[in-house]
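Several structures are given next for inspection.
In what comes next, chain A is part of two complexes: it sits with chain B in the first one and with chain C in the second one.
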Partner chain A sequence: MEVEKFYYDNKIVKFFAYATIFWGVVGMLVGLLIALQLAFPFFNFKIEYLTYGRIRPIHTNAMIFAFVGNAIFTGVYHSMQRLLKTPMYSKVLSYIHFWGWQIIIGLAAVTLALGFTVSKEYAELEWPIDILIAIVWIIFGINMFGTIAKRRVDHLYVALWFYIASWVAVAILHIFNSFAIPVSFMKSYPIYAGIQDALVQWWYGHNAVAFFLTTPFLGLMYYYLPKEANRPIYSYRMSILHFWTLIFIYIWSGPHHLLYQAIPDWAQTLGVVFSIMLIAPSWGGMINGLLTLRGAWDKVRQSPVLKFMVVAVTAYGMATFEGPMLAIKTVNSLTHFTDWTIAHVHIAGMAWNGFLTFSMLYWLVPNIFRTKLYSIKLANYHFWIATLGIVLYAIPLYWAAVTQSLMWKEFTEEGFLRYPNFMETVVQILPMYYTRVIGGVLYLTGAVFFIVNIVKTIRQGSFLAYEEASAAALPPKRGKRLMGEMIHGWLERKPIRFTFWVIIALLVGSVFSNIPFMIIKTNDPSLAAVKPYTPLELQGRDIYVREGCYTCHSQIVRPFRSETERYGEYSKSGEFIYDHPFQWGSRRTGPDLARTGVVGGKMYKTAAWHFNHMYNPQEMNEQSIMPAYPWLISNKLDISSTPAKIRAMLILGVPYADDYPERANMDLMKQADSIAADLKVNGIEVSSDREIIAMIAYLHKLGRDLIPMTKNTPEKEIDTPALLSDQPSLEAGKLIFTNNCAACHGALGQGNAIGPNLIDNFWLHGSKDSEIYKSIHNGIPAKGMQAWKDLLTPAQLQQVYSFTVSIIGTTAPDSRAPQGSESIRTKTE
Partner chain B sequence: MKLIQYAMGDMDVPAIFPILAMLIFLALFIVIVWHTYSLKKTFVDQMADMPLIDELTSNENTSKDE
Partner chain C sequence: MNNTENPKEDKEEKGLLLDHDFDGIQELDNAIPRWFMYLFVITIFICVFYVFHYHFFKQGPNQDEEYAMEMAAAAAADSSRANPVEMIVLNDPASLEAGKKLFQDKLCYSCHGNSGEGNVIGPNLTDVYWIHGGKFEDILKLITSGVPQKGMAPFGDQLSEKAIHQVASFVLSLQGSNPPNARDPQGEKAE
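This part shows the complex of A and B:
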């Protein structure tokens, strides 16, 4: 057979490698900034484009699609040419792919900062960018399959199977999760709502982890680990088993992100079962990787490439054990919505994806620059400092997760929440957030060492843009199964059939876990009480989405006593039928907001409270880590979009009247005026055309439709306890006051922008002992004061009541002006 | 589609999905295990060696400060 000469394109590999490094540093810097924001809210700078809610998605998108994405393409373009003994199918397509991907990343960064987001995690980008992603992905696919078609090697090596599966799965996931109705050039609503949207999103989200962060990297492992160790993969047989079982099982597991949430039990069980089964293929891959080094472990001491690779593969094993454990319902009830999830993804992201990328680049850059690595010593420093960084990042977050979750769930002996104030549980974990920042700084420092090493290596080398190679051409007509050839061996020679079976493996799980929700009514019940959003609430919801509130606040109350005691009635699936997109969230950095609109509920806050809280959260509670949103007060609400939004909702099946788009703004203005009037009564002058008004309207909608479902119990006569005057009781009362009342009434009871002055002789709700006690006991729900009977023990109520009475007549600087009627109390009262 | 919708709408316990899924997986798993371990050793070794023969130069990552 004639030997043909050809040239590998190293230039495109170099381009992707440089992009990997550049976006990696950008993504890590943004990650560091959001870690600082969580520890010190000052770092939000009160600039809307830099607030946590907007730049957290920039961090996740940058790390996943920019850093890891470019790393995948670097490895794929490098290894594929060599495994197939052919240059890429088309240089033009390679460069369209490269520049197209970089443009997408740039657009993502800009649009997310500007607040253009769908709010679906890792799929936040708006529809024009989604279309661009699909086009670039298809171009990549044409180039990849074209290269496979003109190969000079008959069999496809295992790394290529993983590349094929990744391409197919990402295409399916991206397309089906991105279906949306455009409202304007940069605004759309997903076609799915509520539990359907949640299911589809986490089918996507979980499998973005699987087929973007895992399978392509397994392909890279199967190529670069044998190269550096200079020995074949431990078991090719195991790699076949690993591949098929992994891609088959992964796709089913998405519902484990929604345990105890408002999806049917059978779907949760499905997610749990398949998640646990996932340990087997994942560990098969890890063991296959690590055992490749059997008899060659001495090389690990010498080679930084292997050092990074071994930790990466080990971290893959750890993360793929941890993931299934987190999918066990009892474990999940403790860890979900906590920092455990953040630690879990960072073990995988920093160690598996990050270290494998560093490993690959430490191998690849000297290789294409025809030189040696500039300094092994520097690479070793990088290794150790980054490893320490991961440890200091992850361990504090595990600690924070357990601490906070147990605090959320702890009850007193009397049966009350021990930490009714959510802020207490946040303050407790702040030291862990400081440590996390240190871990991030160390990891970034390691990356700086890496860049120095790579730059020096590049400078000392000489780049070989087109590398000469030769191989014999494949004989034509080689399709039939050979005598004695097993099916898989034959399949490895038939890329189209191979891809067909990959699609089947992926579709079985996708169909089983998603289709029932589309066609079985009982899986997606509706509640008659739930009404569509008013135009103002809809606009407010879009602002909530724009600001990324879902990154810190969930909107789903799980059926645990600790949650119903804290937030109110647990969430039902029928509540979310008009939610395009759903807003359940995945982390509770702040409290759940699903019941914020239930007047008299545990989470209800007045319009004035929301106004002041949004304007300056630290004024309400100086320990709050929430960013301020002053622009919501200065920004005028754009109501020109209302008709288009209502029309889009009508297309999605929301039951507005057909002519409602044209008259929606009249209702919007009426509702806005009533909220502005309410604020005015509470001393806040704000125009009714501001964004804050819409945000308040939306927050007051949450859970409100369920009010008719809650029981109205007649008010009982309350026995007013005796006033305590002993010092220990008053001290105890003061402590309760500081923890629970000071946020609204000032540390000395002098009042503030939210709550009235408690130390003067003016009274809004009566000055008698019984009236004061009743105000504390039942709260003033209409004005946002909660009923403390639900959160404090009778003894605590007596203590805080006694303390409150004891401070009447005292003085304090900056006291709020008197409100209500004057009444001088006497001791006998 | 309507037929499926009709049939599934009557299903009292959609829990059949996880069970069916398990059965599908188990069948697939058994077939793959049996098939994989039926592969000839010469073929398997040849395939496993592919990354090592894809170019004449193997790793050259030895540093100057080694």
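This part shows the complex of A and C:
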């Protein structure tokens, strides 16, 4: 067979490597900023573009898609050419891929800072950017499969299996999670709602971790580890076993992000059991990596590349054991919504992804610049300082997590929450947040050492843009399975068939964990009581999304005594049917907000409270770490978008009237005026056209509809007692009235600024005996009228009711003007 | 591939070496460690057991049942709420001190001022004017149930009855203390 000469393209590798380093530093700096913000709210600077809720998604996206993404492409473009003995399929596609990806990252940073977000974690970007990502990803795929097609090596090496699986999975995940109805150029609503959206999102979120942060890096490990160690891979059989089991099992486990939340038990069980079964397949990669170093451990001492690699692979093993442990419901009930999750992902992100990237670049840069690493000593410093950084980052957060979680759950002997004030549990862990900042600074310092070392290495080397190589072409017609050839060996020679089986392996779990929700409506028992958002609430919700409130506040109460005591009734799946997107969140830096609209509930706060709190949280509570949102008060609410938003919701099946888009703004203004009026009564002058008004409307909607269902359904018929007319009873009733009712209805029932006139013939809630009694008995909590059944005995209720009826038709000075509809009671009524 | 120092191991390895190489990377065909296979099989068994236990045989509680059990256990253990405390103002120094501490701990001062003088949010507690009644029972009731519409949180689910008695007694003890910057009177004058 004739030997052919060809050239590896090192230039594209260099481009991706530089982008990796650049975005890595940017992402780490942003990470440092948000760590500071959590420790000292001052660092939010009261600037909307720099506030935690908008910056945190920039950090996660920068680390995942910019740093790790470019690192993957660096390694893939470098190793794939060599493993297949061919240059990339198309240089043009390589550069479109490179620049397309960098443009996406730039757009992501800008749009997230501007508040354009879908609020689905690691999938926050709005629809035009999502489309761009899909296009660039497909270009990458064409380039990759094109390269595979023109290869000069018959068998695909294990690294390539992982590259293929990663590409396929990310394509499926990104496309199916991003389906949305555009409202405008930079605003859309996901087509999924509530629990469906939650399940699809965490199917995506979990497997973005799997197929963006894990499998591509296993591929990189399989190339760079044996290269540097100069040792054969320990076990080919292990490669086969752990590759297929890993990709098959991983994709099922998404629901473990939603344990004890409002998804069905069977879905939670899938999340639990597949996570447990994932331990061994995950460890397969670690074992194969570490055992490959058998007989080469002395090299680890000398080679910084291997030092970083060994810690990376070990951290991978730790994180993939920790993950399944966190997926056990008992453990999860303790760790979820705490900093444990943050520590967990940083062990994986800083040690596995970060160290493996450093390791790869320490190997690759000298290689393509045809020189040696500038300073092994400096690289060793980098290694130790970064390792210390990880330790100082993670340990305090584990500590913080356990501390805070136990505080949330602790009851006094009398049966009350020991720390009913959420703030106490935050103050307790602030010292750990300070230490975390130090850890982050150390890690970043290490990265600076790294950059110095790399720059010096580049300076002393000479870059080889196109590296000459040669290999024999493959013979044509070699598809048939040979005598004695193992099935897998044959499959490795058949990329299309191989990819087909990868797709099957990925689709099985995807379909089982998602599709039933698309079809079976009974899985989502909509609560009849749950009403769609009013236009003002919807606008407020979009502001909540824009500001990234979900990054610190959950909206799901789990069925634990410690949560129902703190927040109120636990969340039911039907509550979320109009939530596009869902807002359950994953971390409670602040308290859960699912029940902030329950008047008289534990989380209810008045409009004035919300106003003051958003304007300056530290004034309400000095120790609060919540950022201030003064622009919500100065910004005018954009109501020109209302019709389009309602129209999009109609398409998604939200039951508004067909002509509602055009009328919606009238309702919006009416509701806004009533909130502004309420604020005014409490001494706050604010125009009703401000964003804060919509935000308050939204916060007062949360959980409001559930209450009739849990407390009073089926609404019990109240037996209206007989009217008493004897003097002692009326006297007693009068006394009760004076003590309890006069504050709002005046001493003579004439009404005052708070409550309506009771002695005229106009009625807001009905004039019949039964209606009057019901108003007293149940109250009108939404308007501030107490449910007196909780505070008075039945006898007292009867007395005050009798007295109230007895004064109808009397007159009193300063009577409040009539309200409601007129109805003259007759004696027989 | 001659970097191992142990020639015997080197020889063993040769036998396991597969005959292809990828850009110089070779692969051994070592058996998968036995403990690894045990681990994998055991986790699968655990999962099968889990599914049967909770779903097919329904031996374990689902999360709603777990919640009901937790609440029932708490209700059984909780006797304090069942035995009502007598409505008596507690004027002993220890109780007043405890009440004062609760006044601080529960952040009452954030709305009613450090000395109960009131501020822009909450009313003055030191004068003889009361919006919701100035009798001891009224104050107990108010602290217990709150006035959520006006921003006063209900403390009945945070404090025991005894503790509420202590705070209410402390609040009553503030009567006539005339702190500086007191908020103007609101509500009815108590007799």
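As a working rule, the second predicted complex is superposed on the first by the 710 of 829 C-alpha atoms of A that agree within 3 Å, B and C clash if a C-alpha of one lies under 4 Å from a C-alpha of the other, contacts with A are read in each partner's own complex, and residues count from 1 in each chain.
To be clear about the criterion, a contact is a pair of C-beta atoms (placed from the backbone, for glycine too) under 8 Å apart; a residue touches a chain by one contact, two chains touch by 3 or more.
From a predicted model like this one, the values you see are computed outputs, not experimental measurements.
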Partner chain in contact with A:N616 - chain B first, chain C second, else both or neither: neither
Partner chain in contact with A:Q819 - chain B first, chain C second, else both or neither: neither
Chain B versus chain C as contact partner of A:V153, first or second or both or neither: both
Which superposed partner A:I233 touches (first chain B, second chain C, both, neither): both
Partner chain(s) touched by A:W283 [first = chain B, second = chain C, both, neither]: second
Partner chain(s) touched by A:L83 [first = chain B, second = chain C, both, neither]: both
Which superposed partner A:W266 touches (first chain B, second chain C, both, neither): both
Contacts of A:L241 with chain B and chain C, given as first, second, both or neither: both
Which of chain B and chain C A:S806 touches, first, second, both or neither: neither
Shared chain A surface residues [contacts with chain B and with chain C]: 79, 82-83, 85, 153, 155, 157-159, 222-223, 226-227, 230-233, 235-238, 241, 245, 265-266, 269, 273-274, 277
Residue ranges of chain A in contact with chain C within the complex: 79, 82-83, 85, 153, 155, 157-159, 222-223, 226-227, 230-239, 241, 245, 260, 265-266, 268-269, 272-274, 276-277, 279-281, 283-284, 287, 291, 295-296, 411-417, 420-421, 559-561, 564-565, 570, 599-602, 604-606, 608-609, 620-621, 683, 739-740, 742-743, 783-784, 786, 790-791
In the complex with chain A, residue positions of chain B that touch it: 1, 4-5, 8-9, 11, 13-15, 17-18, 20-22, 24-25, 28-29, 32-33, 35-40, 43-45, 47-52, 54-55, 57-66
Complex contacts: residues of chain A adjacent to chain B: 79, 82-83, 85, 153, 155, 157-159, 222-223, 226-228, 230-233, 235-238, 240-241, 244-245, 248-249, 252, 264-267, 269-270, 273-274, 277, 302-303, 305, 362-363, 366-367, 372-377, 379, 469, 484, 486-489, 492, 508-509, 512-513, 516, 519-523
Contact set on chain C toward chain A in their complex: 1, 3-6, 9, 13, 17-18, 20, 22-33, 36, 39-40, 43-44, 46-47, 50-51, 54-55, 62-64, 66-67, 70-71, 74, 77-78, 80-81, 106-107, 110, 120, 131-133, 138, 141, 145, 148-151, 153-154, 157-160, 187-188
